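Next up is a structure, given as structure tokens.
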Amino acid sequence: MNLSRRTILLAPGLGYLALFLVLPCLIIFAYSLFERGTYGGIDYTLTAGNYLRAGSSLFARIFLDSVRIAGTATLVALLIGYPAAYAIAAAPRNQQMALLVLVMLPFWSNYLIRTYAWIVLLNNEGLINRGLESMGVIQEPLPLLYNEFAVVLGLVYNYVPFVILALYSSISRLGPELREASFDLGGSSWTTFRRVTLPLTVPGIAAGAVFVFVLSIGNFVTPDLLGGGQRPMLGNLIYSQYLSARDWPMGSALGFILVLIMLALLFGQAVFAHRAAGEVEARGVPAGAPR
Amino acid sequence: MTRSLLEIQGITKRFGPVTAVDKLSLTVNDGEFFAILGPSGCGKTTLLRVVAGFETPDEGRVVLAGADITELKANRRPVNLMFQSYALFPHMSVAGNVAYGLEMEGVRGAELGRRVDEALALVRMSDYARRKPGQLSGGQKQRVALARALVKRPKVLLLDEPLGALDRKLREQMQIELKKLQQDSGIAFVVVTHDQEEALTLADRIALLDRGRIVQLDTPRALYDRPASRFAADFIGLMNFVEGTANGTGFTVKNIGTLPAPAGSGSLLAIRPERVRLSDQAESGAIAGQIEGAAFLGQDVIAHVAVPGLERPIIARLAAGHALAARLARGQNVWLSWQADQAVLLQD
Amino acid sequence: MRTDPIRLWLNAHLGLVYVFLYVPILVLIVLSFNKSGLPTTWTGFSTEWYGKLAGNPKILAAAGNSLIVAVASTLISTFIGTLLAMGMEEGKPNPYLDALVAAPMIIPDIVLAIALLSFYTLLNMSLGLQSIVLSHAVFNIAFVCTVVRTRLKNFDRSIVEASIDLGASEVTTFRRVTLPVIAPGVVAAALLSFTLSIDEFIIAYFTAGAGQGSTTFPMQIYAMIRFGVTPEINAIATIVIGFSFLLVLLSQRLNREAA
């Protein structure tokens, strides 16, 4: 009796996802193995050419750029986010929720708007440049926009709230006992942080890092608006293959590569988290305890 | 004359390779307080759910007041269940919860209100009619759950571990209340529990279950005084066990001699601690031993007596007023005896 | 036990992070009231840009389209997603199901965009608001399902059995017991779904088709940013920000009530 009830409940959702998610993904995977037709359609000849071309110097450069930009954004977001998350976790209990909501609030407004705000701030006639000029710090406007710096800044701005949330959850789960034990045994603040807190929050760091990296590397809007076409990333590449070059097979292949990168990272993080959890348990045994 | 109300006939229920209930049959009589007792995993909860209609038996029938209800869906059975977690509807008030079952029967308006008030008065929760379950204590929630089930005047009320979640004092209080409720309402109550004290206090008759089968079905007194198996003897209350051989007039134990025992056969002698007489004077026929430890329990004293030749100490229970109660010391020599007819012979 | 200077430093850092997060937003809000519309010169307080907004048919049409799409995809996904959540919580957890439901949330949105575009084109389906609705429903179903599942995990299953024991049919039980108890979670999920749809850009862009009548709000904003920054965008930004903040506060309120 219960089995058929479950099936009835699951059917619409699974059916919808099968039709509008699984099937389309299979289609683009199939496309990635075909060739671009003369007028932009599909020429149904099987080929691995798209994937081979993806390794060519033109595309490879963009890959590496994307990885570098996403990696930088991830690193910066972590460096900014960790102390912030720590500060929130160390705040009085009843304030923590409010502090977190305040962090997440900007995130709930439109992504385009948030990115646009940086155009206003960073461009040559923008607030920052004009402000610095009027203070006499610089003579000429600084090129803050339409370059890699702006893209990284945009990515960091958009994803720092996520990182803070992920890290906060990891840090606050630790509780004060282990830190107190470290102090009791003579450790300094820095040593306690380095040898107790930091290692135990590595799973949270890994989760946050993978999150930001995956979101950054597939990002379209930020490099498009803040990079001004100078620094196309993987997302922009897929966009142009589909809508400009009309090379859907190539675009599909690139899309698939993006998905593979993402899956590899997620898998790596899951394995890492699994092992880290085991290590934490093992480390719980004091060094001198009888086994 | 006792009339059979609920007949469980040869019920078997399997979950994959596990047989939770094994060809089990029993009868509950009209107006009876019946307990199904057993350790966890013995199948008692499964049996309860079969009667309530939430599990379909693989074999057997359930007959209620002469009608076969085995195929009947749970919401059509004149049987109601008081859940272990109470399962009160969190978004409805107390009165709303109690009214729910009546609404399902089509009861409306003035009569609905009257019956709800009646039920709440019965469990003394009238003042809480407007409260939500989240604002009630455990004992209060239980009373609402009872009212909700009883208001429908079921033929049988099933209770799943009713007193487990309550603290000691509350539990004793609720035991009395439950017993009173049952007698006043005249509805047959079937309690499922792992707590033998609860079963002994509440029930008119107890079915002791082990691994899906009935081990013994008896009144509490009979189950306590005359357990028919080692399992029953061990499960109910504290029991002393001595291994040996029955020889018709007594019980022979290696290296010790013959202990008082009723006529019959068996390789295990069981004697309740409160039936063991303790004396600091040597008596003929008494067994010698030393006090290993004594625990003061308020109204009783429990003494562990090490007897040379026996693996485990014999436990004796003395009333606080007993002459020796205040004078027991470790290592003290004592003598144990009991009346032959108060011991029970069992097969091991 | 924290030594004070470290605490101070951490809190200062946190303060700076808040400044970093909020200054760009505040700048937009202030600018939207700047008569000159330029970030560099303040010519006075004015609401003329909001007025210009109200008179801009393209923007109004885009906003209307986004509302239609958001409402439609929220309705579809809340219904399907809640059923899906209930189905998944009944019985043993299935990692394959979990993965399938997680996929729309994890997959990069541009990949989903090209996949759906390819799918619709293959079917020769005409593109427009309806195709955007269908596309948005894909990830919304996943989000709704996830939120409702969390609510269901704390759901005491025995009240369903209690309702049946008291004589209610399955439908009555769902209507009077299950639904009211999970309602706050369902509403929160619907709110989330609505917000995600209103803000979504790239999937809408790819699946809207060429027609003029299927531009959504984010698409319009993108066009305006890309092809000429006008001060009206600041006004739009302020309104959007205000709306989102309201929605967040609303859902926080709901969460606190449900707790």
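We just call them A, B and C in the order they show up, numbering each chain from 1.
Assume a residue touches a chain if its C-beta (ideal position, glycine included) is under 8 Å from a C-beta of that chain, and two chains touch if they have at least 3 such contacts.
Values in this document were obtained by computation on a predicted structure and should not be read as measured data.
If you tally contacting C-beta pairs for each pair of chains, A-C comes out on top.
In terms of Cα centroid distance from the overall Cα mean, chain C ranks first. In whole angstrom, the spacing between the mean C-alpha positions of subunit B and subunit C is 56.
Rounded to whole angstrom, the centroid-to-centroid distance between subunit A and subunit C, based on C-alpha atoms, equals 19 Å. Between the CA-based centres of subunit A and subunit B the separation comes to 59 Å, rounded to the whole angstrom. Subunit C meets subunit A in the complex at residues 1-3, 6-7, 10-11, 13-14, 17-18, 20-25, 27-28, 31, 38-40, 79-81, 83-84, 86-88, 90-91, 97, 100-101, 103-104, 106-112, 114-119, 122, 134-135, 137-138, 141-142, 145, 195, 198-199, 201-202, 206, 218, 221-222, 225-226, 229, 233-234, 236-237, 240-241, 244-245, 247-248, 252. Those residues of subunit A lying in contact with subunit C across their complex are 2-3, 5-10, 12-14, 16-17, 20-25, 27-28, 31, 80-81, 83-84, 86-88, 90, 99, 101-106, 108-114, 116-121, 125-127, 130, 157, 160-161, 164, 179-180, 183, 189, 214-215, 217-218, 220-221, 224-225, 235, 238-239, 242-243, 248, 251-252, 255-256, 258-259, 262, 266. Contacts from subunit C toward subunit B in the complex involve residues 156, 158-159, 161-169, 172, 176-177, 180-181. Interface residues of subunit B facing subunit C in the complex, by the touch rule stated above, are 52-54, 74-76, 79-81, 83-85, 87-91, 100-101, 104-105, 148-149, 152.
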